[in-house]
Amino acid sequence: MTLADTAEKIAGMEIRGAGRIARAGALALKDHAATVHTKKRDAFVAEMQRAANILLATRPTAVSLPNAVHFVLKDVAGAATVGEARDLISRQADTFVANSEAALDRIAAFGSRHIRDGDTLLTHCNSEAALACILAAHEAGKEIEVFATEVRPRNQGLLTIKTLNGAGITTQYIVDSAARFFMNSIDLVIVGADAITTNGAVVNKIGTAQIALAAHEARTNVMVAAETYKFAPRTLLGELITIEERDTAEVLGDDITRSLPHVRVRNPAFDVTPPAYIDLIVTEKGAIPPGLAYSVIREYLGWSIEEFHKAFE
Amino acid sequence: MTLADTAEKIAGMEIRGAGRIARAGALALKDHAATVHTKKRDAFVAEMQRAANILLATRPTAVSLPNAVHFVLKDVAGAATVGEARDLISRQADTFVANSEAALDRIAAFGSRHIRDGDTLLTHCNSEAALACILAAHEAGKEIEVFATEVRPRNQGLLTIKTLNGAGITTQYIVDSAARFFMNSIDLVIVGADAITTNGAVVNKIGTAQIALAAHEARTNVMVAAETYKFAPRTLLGELITIEERDTAEVLGDDITRSLPHVRVRNPAFDVTPPAYIDLIVTEKGAIPPGLAYSVIREYLGWSIEEFHKAFE
Amino acid sequence: MTLADTAEKIAGMEIRGAGRIARAGALALKDHAATVHTKKRDAFVAEMQRAANILLATRPTAVSLPNAVHFVLKDVAGAATVGEARDLISRQADTFVANSEAALDRIAAFGSRHIRDGDTLLTHCNSEAALACILAAHEAGKEIEVFATEVRPRNQGLLTIKTLNGAGITTQYIVDSAARFFMNSIDLVIVGADAITTNGAVVNKIGTAQIALAAHEARTNVMVAAETYKFAPRTLLGELITIEERDTAEVLGDDITRSLPHVRVRNPAFDVTPPAYIDLIVTEKGAIPPGLAYSVIREYLGWSIEEFHKAFE
Amino acid sequence: MTLADTAEKIAGMEIRGAGRIARAGALALKDHAATVHTKKRDAFVAEMQRAANILLATRPTAVSLPNAVHFVLKDVAGAATVGEARDLISRQADTFVANSEAALDRIAAFGSRHIRDGDTLLTHCNSEAALACILAAHEAGKEIEVFATEVRPRNQGLLTIKTLNGAGITTQYIVDSAARFFMNSIDLVIVGADAITTNGAVVNKIGTAQIALAAHEARTNVMVAAETYKFAPRTLLGELITIEERDTAEVLGDDITRSLPHVRVRNPAFDVTPPAYIDLIVTEKGAIPPGLAYSVIREYLGWSIEEFHKAFE
Amino acid sequence: MTLADTAEKIAGMEIRGAGRIARAGALALKDHAATVHTKKRDAFVAEMQRAANILLATRPTAVSLPNAVHFVLKDVAGAATVGEARDLISRQADTFVANSEAALDRIAAFGSRHIRDGDTLLTHCNSEAALACILAAHEAGKEIEVFATEVRPRNQGLLTIKTLNGAGITTQYIVDSAARFFMNSIDLVIVGADAITTNGAVVNKIGTAQIALAAHEARTNVMVAAETYKFAPRTLLGELITIEERDTAEVLGDDITRSLPHVRVRNPAFDVTPPAYIDLIVTEKGAIPPGLAYSVIREYLGWSIEEFHKAFE
Amino acid sequence: MTLADTAEKIAGMEIRGAGRIARAGALALKDHAATVHTKKRDAFVAEMQRAANILLATRPTAVSLPNAVHFVLKDVAGAATVGEARDLISRQADTFVANSEAALDRIAAFGSRHIRDGDTLLTHCNSEAALACILAAHEAGKEIEVFATEVRPRNQGLLTIKTLNGAGITTQYIVDSAARFFMNSIDLVIVGADAITTNGAVVNKIGTAQIALAAHEARTNVMVAAETYKFAPRTLLGELITIEERDTAEVLGDDITRSLPHVRVRNPAFDVTPPAYIDLIVTEKGAIPPGLAYSVIREYLGWSIEEFHKAFE
């Protein structure tokens, strides 16, 4: 698959999901590097940077893609020869993919320890990482019970309860509005993340912030399960996360909407949970408080402030 | 219509809605009094009490019905003759019905004054009283805009936006989970009530408490619009409001539920908003803070503590 | 002084201050009643109502004036003859004036008991009632110390520190912004009120709400000292208190303002402190929690809901 | 027993406990009235007032005693003859005693309804009223479990667990400091009261406020069980409840204290829980929010503001 | 200019402002190094340390000065020769000055991204960094409106509104006490900082903490704009920031003060905003949560714990 | 003393206290290294790892022991020869011991600066580090006063007041339940820690969390004094701190417990204070906010995420 193919598939949402996009991007750079035939180091680096820009342009608001691209190319300017640069890119791409694939297991291992025998959990949406923690706790023999929300407008809760049912975990299915009603019986809220900003705010499925607020009100802990590539480096430069508003037909049929001229459907896909309502973020690099998001961006994702400048300004 | 007919229609939910039930009960007692042919005052009173019990048994958890029955019969024991008692019952029933019918207009008049020109409102569910306030403000020429939630699982929000659209009010339609997302742009939350307890807690459509919490977090005022017959006298005697769980098929089709043996659907119809999250309750007797629910029960509904005892113990 | 004179002086702010306005209104009605020469009871009552309306129109947003007018005229419709009605008005006017004049002493007596020996107090603006409590505590031999704010833009704090200095009370004078800085050393915040709404919110000099918030944050109690005629009956009907914006020249000289075309000076005179930040309101009828404002309006001010309707709708 | 005897026993703490003191006072007045042989109504009333003052002087900070004395004597000034006055006093005394004795049962009936099947409760100290609610719920067949604190320094928790054990109620015994540790498993905190102030603050055994705060933090409801004679009328006049500091030897042996010259033992017997942390006060007159303490004082205890003045100033 | 001259000018406040002081200090060390004529490395280092101490003594509570001095001298002990040491000092001084001068632009770039089109902002005092963010957002074409406070006692708000007016930004000018009144219409509070402590507390103009508290109450974000040299390394060693009290004549004329013997004017120049009320600190090294102040001190300012010890103990 | 001896003494709690255990462990490894006579580097390393495991198994939940063991052995795998490895172990052990012994002095120096002249402090339990701060402030001539709690069930408060009395510090001794009662007069709460988790939660003597909550409610700062070896590395991997329940006889005599079959004594030794209630943690490496616990673990304790994996999984 050429870099152009990968770019097209990411842009067309054929490749989707933060993890898959990131890995596809990393491998596309590796493959592309193998096809660049110049012997001039500078030309090679310039060509790879051009390739990176093509990838980055496919989904300008994606969080994992710049993390992947940066990881793969970060030391390439220091390579003496094209061969060395190509090898470096190849190794970094493989490392990124391996880390990314191993991340879920580690998150499951770390996160499941936070679940105690006898706990009642609540999850919102259908996060692979959050479910991995729950399933791992169940597999470790802990007796747990899970409340899962419906997740309007796309009802991803249905996927969640099918997974939990498949694992034989006792599950209660509720509408999103009922989260506070049951919150006093919940021991731990576990959710995933679409992006985490430099100050530890968690961008996740619409409704997450309301549930976290209700958890905070009831002294119930909230744990976020997220791979490090969810940490959004651009926010370090002051950039705000743009909350996408999706197709209104997800909420209300176009026929009805058209018949109501004074009514406008609003469909924000995500909301932002402030760090004060989050007790812990479990990543593949360990469990951290939300206030350390910045450190993750710097340390694990390997960005220096100068690289941010070059990459995004 | 005989008292038995009315009782059957209330029990069978042919007559529904707190206001309609209450008025039907009051009139059924009046009509019944006209058919009781004894000349003995004591026998008459005993018969009326028996009739009252038949009505009360139709919907034991209804809030408005005991308020209506009590109002109609409250001084009957003091009447000297059957004729006097019958007249009293007739007058009280008419008064109750008239008050009840006038209540909505007064609530609309009082509540609409709390809405300022330029305000953005948010309402949840499809409360006649809350909508009356909004419509009255609009008719008074105030420029307002309303956010209305979907109200899972029965989607009563659809009725709300149709009413608002019909009045030409700019309306935004959102899923329940998005309330906190938009809360910082909301100036006032307006909801109705199914029941109000002795300490000012408001029992209303599931999701209300979560919205009130999010409003409190954002320093947005919450106004409840409710007729005085929504104030629940039994709670004065320590009784808890029972939160009904409705048919699970409202949330998830029975086919799917049956296919998921580890999953149980929970469908509580209401939740309880604590008084600390409510700024004002607008009744037809004026606007009061939630902490004065008890006074309303005592003063307007005319219950004395001894009558409570007789009625409910 | 004719009623027209009094009306003019109130309108022209020659007579000002909630207490003085209220007493002037009561006496104006009494004097006016003495000059109405009809023998027909109905004509007399109608004329008094007309007189009342003239007074009420002088300061439509004043809170104490309708309370005074209502108190004086409240039972007049029940009088059998003009003479009886005139006597009633005379007696009620005298009672109102006497109560009003005695109120400050009683508030001082009640409020000063809430001040303990050794307390450090903070007051904002220059409330006669609040100062009366402080002075009474000092005269009772309690060692107290007072922080007084500057109270921009009109610097009423200067009057306050002169009064306190005159009484020999150790006083610290600070800018308004420094209230939170010193809050941890404050034992009790004491302020007055311009109006108190049906749900116990206190309308007072701009800055009060911010100080009450800072007190709440530091677990410092807030006591409001206010005569019962400060309780605003219209708010019972849903009416909002209008916050007057005063002359911008109080904040910034007109020359400068004119030289800055993009700048607009905003000068709200009052703000609204929510009941949750107020521990106690001390009135001449005793100390009550803010949530009982409604009861004061009903019980001491003598308004029934029907009278509200007649008076204000 | 003469009035002097009763007074002596109250002063000497032979008669103790708010209920017993109040009933003894009421009966002492009744008995005393029977022994006053004047035929002059005025002399009789004066003598009874003198008798009342003797009783009130025995325990100046007691809350229930002035409530009892006032209740018994309240309409005596309106009696036409000595005989009528004596009869009134006799009837009022009997009524007070009967109400007081019935109060506990009613509180138990009302309060137990607030306990749900399956609830885990927490109680602090050894309140007769709080325990009555718990025992009534248990007798009604509800499965409950109770956490009881030790209650330093006098370890009244020991009495509590003996009572609960005797009733066969599963009980967990913990040190006072462990209340927050277990709070997330608690469904309802139930405590008694020594006094309740005009703004709904609850004066109770030291440690109550800390537990109520921890309950509030965890969205756990707090219910206070208290007879109406615990409502403190003097606080209406601005008086603060004085918190007694008891013998330091309750906390630390005098020998040790003497050996540590820089150490001073402090032993406050009570603390004050603010109304914001209390959801409901259950009295024999029904369940009310804390903000209505003032109404109880006025309505059930029968005090008018003028009577307060006469009684306490 | 000799080092002595610079020291004198800093001490005499001829050179003022955190940035200017820091840069002057750095350059003074560079210039001084050029004048030290010894060939002995140790003597040179000792002399430079002496020079540093002279500078540090000029304003012992300044925050930026020790950061500058440390940055310039930090690796000098590792230099082999005087020439090497001198070059190092020269390079480090130039780097520090360049960074410092570029910092404002970067802060403006990062901070302005946090301002959205249509936002209403509030700023307090006259912070160069906060204004830079606002101006950059305006220049980027975002429609914004700004509330600016008066900033008693020195009225720096006047400077702020002149700057904003000059840029053509719609501005509302209010007294400090009115911040909470308007807070519900504010989207973002932006302020500068005089110092930031190791745990992320922000020391800034008196009144900032009160505004941040009111913002927190209303779910309005607070952004602090501050160069990294505002982070106070001494606080890492437990040192508290001393809040200077300025000349009382700024608040009240000396004549009046003298005429009021019981009155003392208090004039604290700064207050301390706890990190819980701050959402983000924008520095020239990126946007961080307040909890990472310590990391900034360590990483960007280049202090190791041992160096702290040497420098400050 | 052989490694086996040390292990036995740690297991048998002859050696106890986080600091003593850690130092004993470090020295035991040093001594053991001196006795291993192989010349093969790999065999030596394996043997030391075996020795480490013996030590770690003695108290699996101890926090300081794995920190010590890891510190001593961390770079040993990089040594070329047995001699080099042995030297490294010896040096690292000595460094660890020296740091640990110096830690208390540094903590006292840093923490005492946070205590201001005139402060009233409150401490709970008998923490060496917290007391060191207090004593250092006293020795620095600051006038301070301390409230010390009793600390049920083991009454460690007695030790605390003896120490404070010995130093001549004015001390108030109170039961644990009275902490909130006095909180408004407290300027700073100082406690120690048994363990600190990756997200900054502090595990300390039961009752600490309740006191920190009451401090937070009253805007009183809470400072934790703790050596860096109290930071719990396992929590980084998601592990929860297990709260030990101690012998019930500490709370209630076994005789009484046995006589009460429905009563169960619960005796948790510690509780967990969330980071939001802690303003500062003072370590020997400087004062940090709780959110930086993770950084301490990583930076000062020298753990990399890979080492965590090897050590604990």
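By letter and in written order, the chains are A, B, C, D, E and F; residue numbering begins at 1 in each of them.
Following the convention adopted for this analysis, a contact is a pair of C-beta atoms (placed from the backbone, for glycine too) under 8 Å apart; a residue touches a chain by one contact, two chains touch by 3 or more.
For clarity, every value in this text was computed on a predicted model and none was experimentally measured.
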| item | value |
| --- | --- |
| Given chain C and chain D, the chains that contact each of them | B, F |
| Contacts common to chain A and chain F (chain labels) | D, E |
| Equivalent-chain rotation between chain E and chain A, CA atoms, steps of 5 degrees | 120 |
| Pair from B-E, A-B or E-F with over half of its contact pairs in common with C-D | E-F |
| Length of the line joining the C-alpha centres of chain C and chain E, rounded to whole Å | 44 |
| Distance from chain C to chain B - Cα centre to Cα centre, in angstrom | 36 |
| Separation of chain A from chain C, taking each centre as the mean of its C-alpha atoms, in whole Å | 57 |
| Of all residues in chain C, the ones touching two or more other chains | 217, 276, 291-292, 295 |
| Overall pattern in which the protein chains touch one another (line/ring/star/complete/other) | other |
| Every chain pair in contact, whichever chains are involved | A-B, A-D, A-E, A-F, B-C, B-D, B-E, C-D, C-E, C-F, D-F, E-F |
| Residues on chain E engaged by chain B in the complex (per definition of touch) | 183-184, 187, 217-220 |
| Chain A residues within the chain F interface of the complex | 109-114, 116, 276, 279-280, 282, 285-289, 291-292, 295 |
| Residue numbers on chain C that touch chain B, as the complex places them | 198-200, 235-240, 274-276, 291-295, 305, 308, 313 |
| Chain D to chain F touching residues, read off their complex | 150-153, 158, 161-162, 164-165, 168-182, 206-207, 209-210, 213-214, 217, 243, 251-252, 256, 260-268, 271 |
